[in-house]
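Please find the structures below.
Heads up, the next two complexes both have chain A, just with different partners, chain B and then chain C.
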Partner chain A sequence: MQASAGGRMRIDVNGLDVLLRALADEGHELVGPRVQDGAIVLGPIRGVEDLPRGVGDEQTPGRYRLRARGDDALFGYAVPQHSFKKELLLPRVTLVRIRRGKTGAVVEAPPRPDRKVAFVGMRACEIAAVEVQDRVLRDGPWMDADYAARREQVFVLAVQCGAPSGTCFCVSMGTGPKAEAGFDLALTELLAPEHAFVVEVGTEAGRRILARVPRREATAEEEEAAARVVCDAAARMGRTMDTTNIRDLMMSNLEHPRWEDVAERCLGCANCTLACPTCFCTDVEDTTDLSGDEATRTRRWDSCFTFDFAYLHGGGVRPSLRGRYRQWLTHKVATWHDQFGTSGCVGCGRCITWCPVGIDITEEVAAIRATSATAERGG
Partner chain B sequence: MTATTARQTRSPYLPTPMVVAEVTRDLEDVFTLSFDVPEGFPFRPGQFNMLWVHGVGEVPISISGDPGEPTRLVHTIRSVGNVTRAMASLGVGSWLGVRGPYGTWWPLEQVRGRDVLFVAGGLGLAPMRSAILHVLSHRADYGRVTVLFGARSPAQLLFRDDLQRWRGRFDCWLEATVDRAGRDWFGPVGPITHLVADVPLKPETAVLVCGPEIMMRFVVRELERRGVPDDSIWLSMERNMKCAVGLCGHCQLGPFFVCKDGPVYRFDRIAALFDVREV
Partner chain C sequence: MAKPKLAVFKFASCDGCQLTLLDCEDELLALADRIDIAYFLEATSRIDGGPYDLSLVDGSITTAEDVERIREVRARSKRLVTIGACATAGGIQALRNARDHAEMLSYVYARPEWVDALATSTAIARHVEVDFELRGCPISKQQLLEVISAFLHGRRPAVKSHATCLECKMKGHVCVVVAKGVPCLGPVTHDGCGALCPGWARGCYGCFGPSDAPQTSTLSRYYLAKGARPGQMKRLFSSFNADAEAFREEASRHGDD
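The block that comes next holds the complex of A and B.
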């Protein structure tokens, strides 16, 4: 049972459990999919027993339901409600503490986060989303120190997607369904003839941990079956987005009547920005202790859909929902390219599923393209 | 772009406490805080700092001091929100958290040898004061220097001592207008665009504009009418800012983060967005 250089390995369900416990044994907290309150969410898991066995999902605009798959699949669903964003760009984190005393003020940086964590069941779109956030929060002239420190200590145990949902369009965005890189280990789940996983090794850390797991080399049939899983997934995308020239399409249609149309449906609830794995906007809150001497500055998630987001003495820059929705969508698929050399959308479909009124980002882009004021129509 | 060449791995959110050395009441709701910085606080005219009041909050404020006097940091502030109101109650000896300087600056090196026209509205004179002081102390490097200033009323004339000093120089032309006036005012009354309409301009005159967005919109329109090319106009833009380093997303203006790609823009770079509402 030697892991040969390019050859893929095969582990069974028990092997997956050994793998998860080996990761825990090496000091990783495991964060992975589990069923909670009628949805698959990301949370702490111990082993295979916490994974959503035999559970699938149905996702359509504004609708999410779990369903019984009638098999033993452990990763038989698209993307969970949460993204791994909440583990790297924390919803709340202390930025600085400042204590005021008789002799002046003492500025105290928070301790550098020290938390080894393994992301279990990460999809290709979610790896792509973290890479987008890396560019925003880590690779610019200034970095978010907390994000960067957390990011350094992540072990990625990816699972190739075999169950895209009705709101998925990673193929259009070029982010999936197959994860080609960005993981330590990537599994492909096979349900027949036996429940097993084909394992790709991405890094030396992945290779080391896999060495602790009972395994054998994958057969040619197993490798072929694994390739078929992602190939089939690619053919079952629920949605598509034509991204041809999308940056110029959006920026030359800032006065398109579709913005009025979507503003009449949008509630401005910010669900899409919370569910989105790349939305990175944050606010800073100031609090003090009861004496007023110790002040804390806390970074927390914010959303461009809130009225206060662009507050400027006396009023907001974007008082209308038309302006706020347009800001979100044009940033996501257009100006993100100018800022970070990549789209801000990875095609995970969360914003469509979790929108309470079922606004569909792919439909909005298509509507603008279909009636574009300029000749920006793609093929 | 920003002055940062090496990547900053230190948390950008840590302020430096600084003690207020001097407080000046400029107008009823405008005041100036000065800090002594013996080790120097180098900045370029047009840049801003984030100023933090203990337990209240943090706001971006442009630097209005003399760049030739880097040991004295000067900020001119309008009391308009809860943070700036808290700042208004600070006296000499109290302290603020300061981080910066951030953002782009007026193109004073770039426009050397050219005529320079400053157009400021209201508190827009504050980030321009540093630039005017620099130009006047390097007077031989520039051609004709003109300052146009618009205020709501004669009582709202900011930096009155400076205005009188600049107006008294023979190598600088200053004109001020107000929106409304009583009998104590003998100058022009009306929008600043009227002053722009009459000012002598050469094709290569560099125009620096700062003020409320609506005022800048009309000034730019007038400058275009007078034939000033878009790449000879610079504006200082304003947006909500929380981090000042391009991480929080608040200050976006189309593809730009005003905190790090701005606040000073050459107009041709933002012209396409300038007339779009709610960008």
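The block that comes next holds the complex of A and C.
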């Protein structure tokens, strides 16, 4: 056996368990995949025993089912309904509390979140999605203090994707399936000849924790097998999206009849935006208690699909569902570029799978491209 | 300053929604501190004739006498808030609205001629002006407290009228439509229950009535295409909020089976 040129390490399943417990030992809460209610969800895990061993998923527009893979894979699924967004941009967060004091109002900013957390099994598309949210919520002119504080304390234990689903299209969006950066450690799961993981080190923190784990250098064969895992994944994308000139394509087709067509199928239920790992829209709610001595301001998830989201004086600015769907899709793949310098879509497929009526963003874009009023048809 | 007067009135209902007020155990003392409960027969025999600063009305209008009484209540109330599916949409008893009332009476009562009721059960807002409608069968305790707090302090209640799916996703429930193929009314149902049923792997029954922009036909069309039967769709839309316009119209589009 030859030692690998990249100097990557190899750990076995027991090593993964030691790694997870070492992370916990250093004060990290572990958030990773487990089976719950007929799906893989991201939640608290303790070690390897909680991972979805041998469980895969089938995803098509509006449909998700678990399946037995017939092997021992621990990360043999695509992406779950919720991404790690729910751990960084919380569904509900108290922004400020104001109490009536003896001499006036007492303003109580909530404590800065202090939570070391390890994201276990994060995929390339999810890392890309967090980077999109970073640009919006942390690095832009309006920093979200709660998000930024949570983000600072994240350890990313990525897993390179070997099981894309029928709704994945990260290759089209240039975000996966291989994570090149943005992780502390990245594993590639090998099922044969032995169940093991090839480990890439991304940061000093990753290197330090790996030092606590029984390991050896990966062989050249193991490195090759790991490279094949992502290579095969790239060839098995369930969907594609042609992004040629996509910004201009969308913006020059604002009156395309397809918007009317999709409005006939869409429920305006907001599931796509809430499942999407990059959608960041929130609402701010002000409440008082019964005594009137305490007022609370809460930030909560909202969506461009709700009727009152764009409510200004006198009414909503997008009363039609056609307008709301168009706002979502054009922002996601077109004006996001103007605002933040990237696409708002990372190709994870969640909005397709978790749309209760199976509306497919790639199909909508393709339909507009196929019958575009202008020359933006692309290649 | 005198405490604002609160009154609670009951029309045709099971009383569950007004009992929600008594269920506010922890908050009840704070409430009694701030308001004068002037009329609430479920809780006290004290009868103060009003006028009231805030009246909560539960139940629907089902008799000629109800029609008169709700007008009197309105005249004695500065603000009138209806609570629950009966008061806001006619309740389960509004199922009779789409049927032959006399025939239904003959099935249920040995002496139907003793029953003096209207052929319909209707929402309070069809009879008098209502300041706010709090939905649900039953209403949510948190929302009730929120509405009372809002009225006490002269602000808008933070009660959302969008689809139940938002709360469902915020709670992290796995969508039953997508993961189990169960028809769920969440996409067209008003927020408020905290996505209770999807949390127990059941489809939403629509207890909070239609949302502010309910795409009922789109939803039915999809479920029918996926194998639901027309009668099943009809029944889904014909429960506690059967007389809410969007649900009533959708139910009428499907036959029995």
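In this section, the second predicted complex is superposed on the first by the 371 of 379 C-alpha atoms of A that agree within 3 Å, B and C clash if a C-alpha of one lies under 4 Å from a C-alpha of the other, contacts with A are read in each partner's own complex, and residues count from 1 in each chain.
Here is the rule we go by: a residue touches a chain if its C-beta (ideal position, glycine included) is under 8 Å from a C-beta of that chain, and two chains touch if they have at least 3 such contacts.
Please read all numbers here as calculations on a predicted model, not as lab measurements.
> Return fit or clash for chain B versus chain C, each positioned on chain A through the superposition.
fit
> Have a look at where A:Phe307 lands relative to chain B and chain C in the superposition and call it first, second, both or neither.
second
> Which partner does A:Trp354 reach: the first (chain B), the second (chain C), both, or neither?
second
> Per the contact definition in the header, classify A:Thr287: touching chain B only (first), chain C only (second), both, or neither.
Touch partners of A:Thr287: chain B and chain C.
> After superposition on the shared chain, which partner residues are touched by A:Arg297: those of chain B (first), chain C (second), both, or neither?
first
> Once chain A of both complexes is superposed, is A:Ile98 in touch with chain B (first), chain C (second), both, or neither?
First partner only, chain B.
> Who does A:Glu221 touch here: chain B (first), chain C (second), both, or neither?
neither
> Should A:Asp71 be classified as contacting the first partner (chain B), the second (chain C), both, or neither?
Once the two structures are laid over each other on A, A:Asp71 reaches no partner at all.
> In the overlaid three-chain picture, which partner chain does A:Glu180 touch, first (chain B) or second (chain C), both, or neither?
neither
> Report the closest approach of chain B and chain C over their C-alpha atoms in the superposed model, as a whole number of Å.
5 Å.
> Touching chain B in one complex and chain C in the other: list those residues of chain A.
Common interface on chain A, chain B vs chain C: 286-288, 292, 302.
> For a test of understanding, state which residues of chain C touch chain A in their complex under the given definition.
27, 30-31, 33-34, 145-146, 148-150, 152-153, 155, 158, 160-163, 165-166, 169-175, 177-181, 184, 186-188, 201, 211-213, 215, 218-219, 222
> In the complex formed with chain A, which residues of chain B make contact?
Going through chain B, the ones touching chain A are 2, 4, 7-17, 19, 52, 54-58, 78, 80-81, 95, 97, 238-240, 242-243, 245-250, 252, 254-255, 257, 260, 272, 276-279.
> Which part of chain A faces chain B closely enough to touch in the complex?
Listed in rising order, the residues are 95-96, 98, 100, 104-105, 107, 109, 136-137, 140-146, 148, 251, 254-255, 280-284, 286-288, 292, 295, 297, 299, 302, 304, 309-314, 317-320, 322-323, 326-327, 330-331, 335, 338-339.
> Taking the complex as given, what residues does chain A use to touch chain C?
Of all residues in chain A, those touching chain C are 36-39, 41, 62-65, 81-82, 86, 91-92, 264-271, 274-275, 285-292, 300-303, 306-308, 321, 353-357.
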